[in-house]
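Here come two complexes built around subunit A, the first alongside subunit B, the second alongside subunit C.
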Partner chain A sequence: MIAGRGRQRIRPPRRGLHGEEIDFENTWAVIESAFREIHTKNASRLSYEELYRHAYRVVLKKKGEELYKRVRDFEHGWLSNEVRGSIQALFSPNLLASSQAVGGTTANERRVAGEKFLKGLKQAWGDHQICMSMLADVLMYMDRVYCQDHHRPSIYTTAMILFRDDILNSPTSDVDGREVLELLNHVILDQIQMERDGDVIDKHLIKSCVHMLDSLHQDDIEAEDQRLYNASFEAAYLDTSREFYRLEADLMLRDSDAGAYCRHTRRRIYEEEERCRSTLLDVTQPKIQKVVEDELIKNRIHELVEMESGVRFMIDNDRLDELNLIYDLNSRVDDKKAELMRAIQKRIVEMGTDINNAAIAASQAPAPAVVEASDKGKGPLPEKSLNQQTVAAIKWVEDVLALKDKYDTIWDKSFKQDQPLQTALTRSFADFINSPTFPRSSEYISLFIDENMKKGIKGKTEMEVDAVLEKAIILLRYVQDKDLFERYYKKHLCRRLLMNKSISNDVEKQMISKMKIELGNNFTLKLESMFKDMTISEELTSGFKKHVEGLGEKDPKRIELAINVLTSMTWPLETMDNGDDAEGHRPRCIYPPAIDRIKRGFEKYYNEKHSGRQLTWLGNMGSADIKAVFPRVPQKDGSFKERRHDLNVSTYGMIILLLFNELPADQHLTFEEIQAQTNIPRTDLIRNLQSLAVAPKTRILIKEPMSKDVKPSDRFTFNEGFQGKFVKIKVGVVSSGNKVESDRERRETEKKNDDSRGFCIEAAVVRIMKQRKELSHQQLVIETLNQLVGQFKPEVGMIKKRIESLIEREYLERIEGARTDSYRYLA
Partner chain B sequence: MSSPTTTEYVTLVSYDGYEFKVLRSAACLAGTIKRSLDPSSGFREGAENRVSFTNINGVTLEKVCEYLYYNQKHAESKDVPDMEIPPELCLELLIAADYLDV
Partner chain C sequence: MFGLTRTPPSMQKAWDNGEYSDLKVTCGSDVYDLHKVIVCHASSFFKGACRFPGKESQNSHVDILDEDPCMVHRMLSYIYLSDYEPSTIWQMPYLSQNLDSRGLKSYSTTMHCLYGREFGFINSGCACMTPSSDPSIEQTTFRPKWVPRNKELVPMSSDGGAQVANPLLIHASMYALADRYGIPTLSEMAKGKFFDSLRDHWDSEDFVEAVAYIYSSTPDSDRGLRDTVIAAFKQYMGFNVEDVPGIEDKLHQFDTLTFMVLKEWGKRDRQRTG
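Our next item is the complex of A and B:
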């Protein structure tokens, strides 16, 4: 291009930039002396341009290699003669001693000596860096031209390598074979150790030495991970730290409690983090963190959790802070927090099992209390023990709720509401609540609600009531066999409704709506219809009353009738009688004529309203108010007058008493006579007679011989001398309240429950098959389980049996020749 | 070391005695000038804020200064106009550029 311009000629430079031949030796002498000045910090007298020009010329004269070599030799000489000497002058006995054994020198002496050494080294390094950057500036032309062309490392790099070789890798002394680098590492580690022990050290100083190590490389290739810091120091640091923390963990686990250990560990972790920031390099942080976590947490967490003062202790003593620490530590090393979770779960199940056992013990070992009671000659024995069972049930629920509260607090305060932990907590609760050794949870929860409905909520605000109900629902959530609960609840509710024990219908309905939300419509369907029956019955009763009045037959002895008509499908009536009548049919009880008349009257009235319905009278569930007149008989306190009492007795009780109405005062009836005349089922009769003749406050009949048990040969007479404090006397029928079932009753319930489960399973299977038409056995079982999960957890064996039965009844058929067992739905 | 103050302008001197006062920021585009003035090295030039070149003449140095400003001005712009370089100066400029590490 330029040539194309024609006449204009490119002239050679007028004056020799590289003019006359230069004498290399002379030039080098100039440069060398200048370098010496630089090293002794006298650069201000030097002209950069001049030196640069010299070096420039030398390189232009192709003497670059010579110059490079000379400079290197010069630096080598300088470092090994001047600098190494000054470093070696820093070695003091204290410093060297520290490297061999700790004995002899105090930490303070060691620290001072170490700091001196570090300072010297840092100084030497700093000087070397500055000088070399100046040298490199001067020799820039050489770096640019010679080094690049010949693929040599820049002079600066070379000089840094020289520093490593001549200073750091030089032996500390002639006797001692160790290198300065090793000593340096040791001193730094020693200083850090001092800091860990509580000393104050010069972090800044160490940091600069660390930077030096970081900028030098192990070999000349300068790979990233071959920095002296990584290769030499860091490894040693991690090793010593590991050892230190291992020992510390040993010591701590032996000497202090888990809480202190956690606090200490957390402090250590922060310290190391801080140390990496202030003293060492950030790159080390994750590594040292891991070391600390490994040594202090991961390898120890098991011991820590299991310590006497470990998780268990913390839970028992509500050490929320410490639990939080443990949680924090465990989550550092383990996302799943397996150790902690395991310990917590174990503790929950332990505590839960304790509660279970306590409940079982309380319900099964009422013997001593009863013996005492009978010694005093008070109260009928069975009532006492049954109460005790109910108390045990309620206590169980309350204990479980307290436990739940406790763990909720811990979870909330200490575990940062950790999701997996919550799942684990829930699982543990479900585990012990549904534990096979404790089959009563459903019953107990229902009893708890029952108790609260009857007494507990008296005088409580709406909020409190709500809280109680909510708690019950929480427990219910854990229960697997919800159908069993439903059965119990129905039974208890039935008693409450029929005997008017419930305090507030509103609360009952509230509870049911809560259950509806929690367990779905199906669950509460029957419960709701029970309430409906109650309302309809009220209407019926008042309707009947009007009807009777409308008949106009005024009868002074008229008996008022309040009736509850119950749909037999929804009410658990079968559970109300005691399963004694194994023949299956309910023996018709013989009502006295007065009662019988009104009964027939109602039947007629009812049939007029609803034709085709059959009424079955359940005498064992009703009650009656009787006005009783006790004749003038001398009393113990000398009074002599007629007493009137309103007696509230069960229907059966009323029938029994009416028998005595027609009996002369000195006559008696035997047990067998009473049974023959009334046809009351045997167990009911015994219970009613017990309450009429044995219970001290309501002894309207006198039994001979006087004993607690009613035997068939016993004779009963009317107690004319009966005296009561109140006009109204309620004659409670023994064991009429809701209480824990006896073992026999329980087996009964379970059997019935199993039966109804069978139907549920069949229904589910048919529903699934109707939809799918064909399905393999495995899948069918899975889907069935899924469908029923909200109600209960059926056993696979049971499902199998049900499928067999469905095949027999030709709802399903096996698909012949299918590879896996499969079924087809037969419409 | 005399006052190591850094001034806004520095003086560049050619071997034939021409002096050019140049903005420091512009002058430091040249590696050699930058290093000679580096206050942390503490060479004489740094203290005096003055660099003498014994191998560059005034004409060339003037062109160098022109280029330094030219470079600074257009450092971040696009479509930079060409700079006029007389052909007779080419070689000397090349050598100077090599020397100065521009």
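Our next item is the complex of A and C:
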């Protein structure tokens, strides 16, 4: 809205301002007096329009440079005469005293003096800034035209530099002639130190001074990293902090435990972070953090981890919080967390080795008893000691799982599920589980499963069963020699299947499918076909039964046959042999005619179904139920009774007993006669006779002379006076069921395993060479190792031998004259 | 300069009445009730005046001394309305609503503003029109020399507008004022209007006064209008200022005599070379 009257003409502008010279001195006098008013806080009476117009005129009249210089001189004079004096008035003895490293004053006196100084400086700086922004507003045209055209810093910037030169860089009254800036740095550092020691300080006040340092540069080039804050203060701050934390670390490592150290360190880190926010500048944060981390963690982490109350102590006492602290601290300075990892791994291997040793000790303690027992050939004692070994095996598995649980918890709760650490944990577990000093892990795990399949899972819910299986799988993951495990598992499974020891077929299959997921199809192929054989056998048995029934004439004495037809390559039948005769053929045992008839009947039946297959009868693995009638003999109560018992004996036992059926009551058979008539392998015969004639509860035969051992000259007669408490009597044969192997068995197992490894290696080598045609030795070995990694870790020596053997058999040849050893595949 | 500038209604209202005004600006006998939020954003001078804790900010009153009130009126109207008069003929409908016909200009006795039938607008971009409905103004139209002879020209209606006598001087003053009060966009607009008005106004007293004014009203380092002037010498008079060392430094004393000499000199030069 415009009020006022209209005009008639545009006035021609005043002709040429140039002509109309201005009186610079008078104009400056006006401006200068106004500036004085501004500095003494009396600006309210000034006319901005007038001052602006004066400054504009001066600049337009090309007196900009003169004006600029006058203003600078004016500010210089003002700062050095008025302001510097007021700052110097703040220098008190307490303040200056604090500058000497060892002050004779108390912290509180220093703090008060320091705050007074800081306040004064902050005030002076604040006033200067306000006044200068007012001056800059007045001199706006000069800044825009003169300063820009002549590449001068704005008057505001210039005045800030003057503050640095005239105030901060002015000497104190100190003897050592330090400058105010140094004093300022020192006071701030001193205050921060007081805060670290627990005092409360005025953070805002310090922050204001810090802002001042941040807005000024060390020189006039104004490089970003040349701010007084960075160049002067921060460096000193980092140095003193480094020194402080170095000493503090010394002290704490000496006086406190590792947990306290960690907590303190974490608090220090937070404190410094907070300090940068509240008192200093955020740019310092990463730097000071590095100082603290270096001094309190990086340079000390080894000592810290190794302290008596260090990582080992924390693990042993489940100090999850402290482990988490250590993890946190370590990961601050080291992505790999090498120190923590090293300590953890060491402890795992230590604890694992303890478990291994305990298992070895437990299995060896009764070892002399085993030797003794098998020498005397007596039943119960070795049975028991072998059980103890099984117990040791299961305890080993449980212990390892407990250890795994422990470390899983630590990993989950303390290590934030750190991936590299998990890898390290896994590696350490694998290390002790596959330790060369403890070769039994595969066997133990298989035994653990065996035990659970036979007894452990009885009455457990599906979930619990699954948990047990899962445990086994977890351990299996660590096992390096998967082929050895497979061997044991097959052996144990074989016994479970043939002797009907498994509680649940479903659980067995569940286990197989778990292994399939974990170890692959190849691994479980044979195991699965074992199950298939069992199913087919059931069908065969019932098919044969129907077939026999279909033959018409009903023979009351007919023997029922249950049969398992096992594919020879699938089943570890050799492990079922108990020794001596392994090298020769399996001697054909002579079956009694009644048995022989049904045997031939089945062979005929089977051949009709599958022609061209050869059946080999494994008498040592079967069992028979026979009804036995014992004649009337006087009982304890004086009565005469005929006694009937259902005897469950091994097939061999049945054959032996049937011999006595045809023998008159007063006759006897010698050991050699029995052997000649039955052709049962010697060791098997001894065992069976032991259980029939020596074991007290199942003494169906009488041996003469009566002793524990069975000798070739011993004579046997039918024990007509046999007395049994139960109708059903199971005649156990010594050493059946799955037990820990004896050392001899173990050596055999390993030898067999090595043999089959030889085949695997050869197969792998041939596969690789067939594809690559030519390859250097080094490369071939590496590729072979890669191929076999899922099964086992072959020794390089073994690979070499296999390669030699392949060359001999002309699968490969050496490439003559190659620089490195190389091979060529021969088609 | 064919773009039209239309004022947002809110700014129009703010300019038209003093409601919500929080800053009084006076110049001579003129009183303006203005708004800090608008003028401070437009001009660094007003920003400084409102920030500086002196008389102005305490009283919310800026008194502008030593300045032509007409020019101040133009400057302030620009801040609100984004244009000032004189402007192009196309702006007349808009500006006439905003600016009362309060004198403040001398009208030209002639009128060059013409309409070419065959080739569209001719010099309608010339910023020499001011809104006026005063029937007493008589301006005789003439055919500018630069229009080709075979072109038919039809006088354009001057309804709502009249030519001012000295558009170049006004734009030059505006340029200096914008510099002094720190309004960069106004500097640009004044420079543009000055340039657009040269073709029809260079051969006049107005040009002579404007040149002298330009060379005395802004700092030497300000090349804005100086370069425009030098280009005009070359284009319209065939005179290259750079050929005569030192002459530019004397242009603040430019006068009619010099102008006529240079004009003839250029003509002769052209004849000789032509």
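Things worth noting here:
What we mean here is this: the second predicted complex is superposed on the first by the 539 of 827 C-alpha atoms of A that agree within 3 Å, B and C clash if a C-alpha of one lies under 4 Å from a C-alpha of the other, contacts with A are read in each partner's own complex, and residues count from 1 in each chain.
Criterion: a residue touches a chain if its C-beta (ideal position, glycine included) is under 8 Å from a C-beta of that chain, and two chains touch if they have at least 3 such contacts.
Keep in mind that this is a model prediction, so the values were computed, not measured.
Applying the stated contact rule after C-alpha superposition, one finds that A:149 touches subunit C and leaves subunit B untouched. Using the contact criterion defined above for the overlaid structures, shared-chain residue A:694 touches neither subunit B nor subunit C, since it reaches no partner. By the touch criterion stated above, A:140 is placed in contact with subunit B and with subunit C alike.
The larger set of touched subunit A residues comes from C, when the choice is between subunit B and subunit C. Looking at the shared chain after the overlay, A:53 reaches both subunit B and subunit C. By the touch criterion stated above, A:132 is placed in contact with neither subunit B nor subunit C. Look at A:45: by the touch rule set out above, it reaches both subunit B and subunit C. Contact with neither subunit B nor subunit C is seen for A:160 once the two complexes are overlaid on the shared chain. Once the two complexes are overlaid on chain A, the subunit A residues touched by subunit B in the first and by subunit C in the second are 2, 5, 8-13, 15, 17, 43-50, 52-53, 56, 134, 137-138, 140-141, 144. Partner subunit C is touched in their complex by these residues of subunit A: 1-13, 15-19, 43-53, 56, 59-60, 62, 134, 137-138, 140-141, 144-145, 149. Looking at the complex, you find that subunit B touches subunit A at residues 1-2, 15, 31-32, 35-36, 38, 40-47, 51-55, 57, 87-88, 90-92, 95, 99, 101. On subunit A, the positions that touch subunit B within their shared complex are 2, 5, 8-15, 17, 43-50, 52-53, 56, 130, 133-134, 137-138, 140-141, 144.
If you check the complex, the residues on subunit C that touch subunit A are 15-18, 21, 28-33, 44-45, 48-49, 51-58, 62-66, 68-70, 73, 100-106, 166, 169-170, 173, 180, 182, 209, 212-213, 216-222, 252-253.
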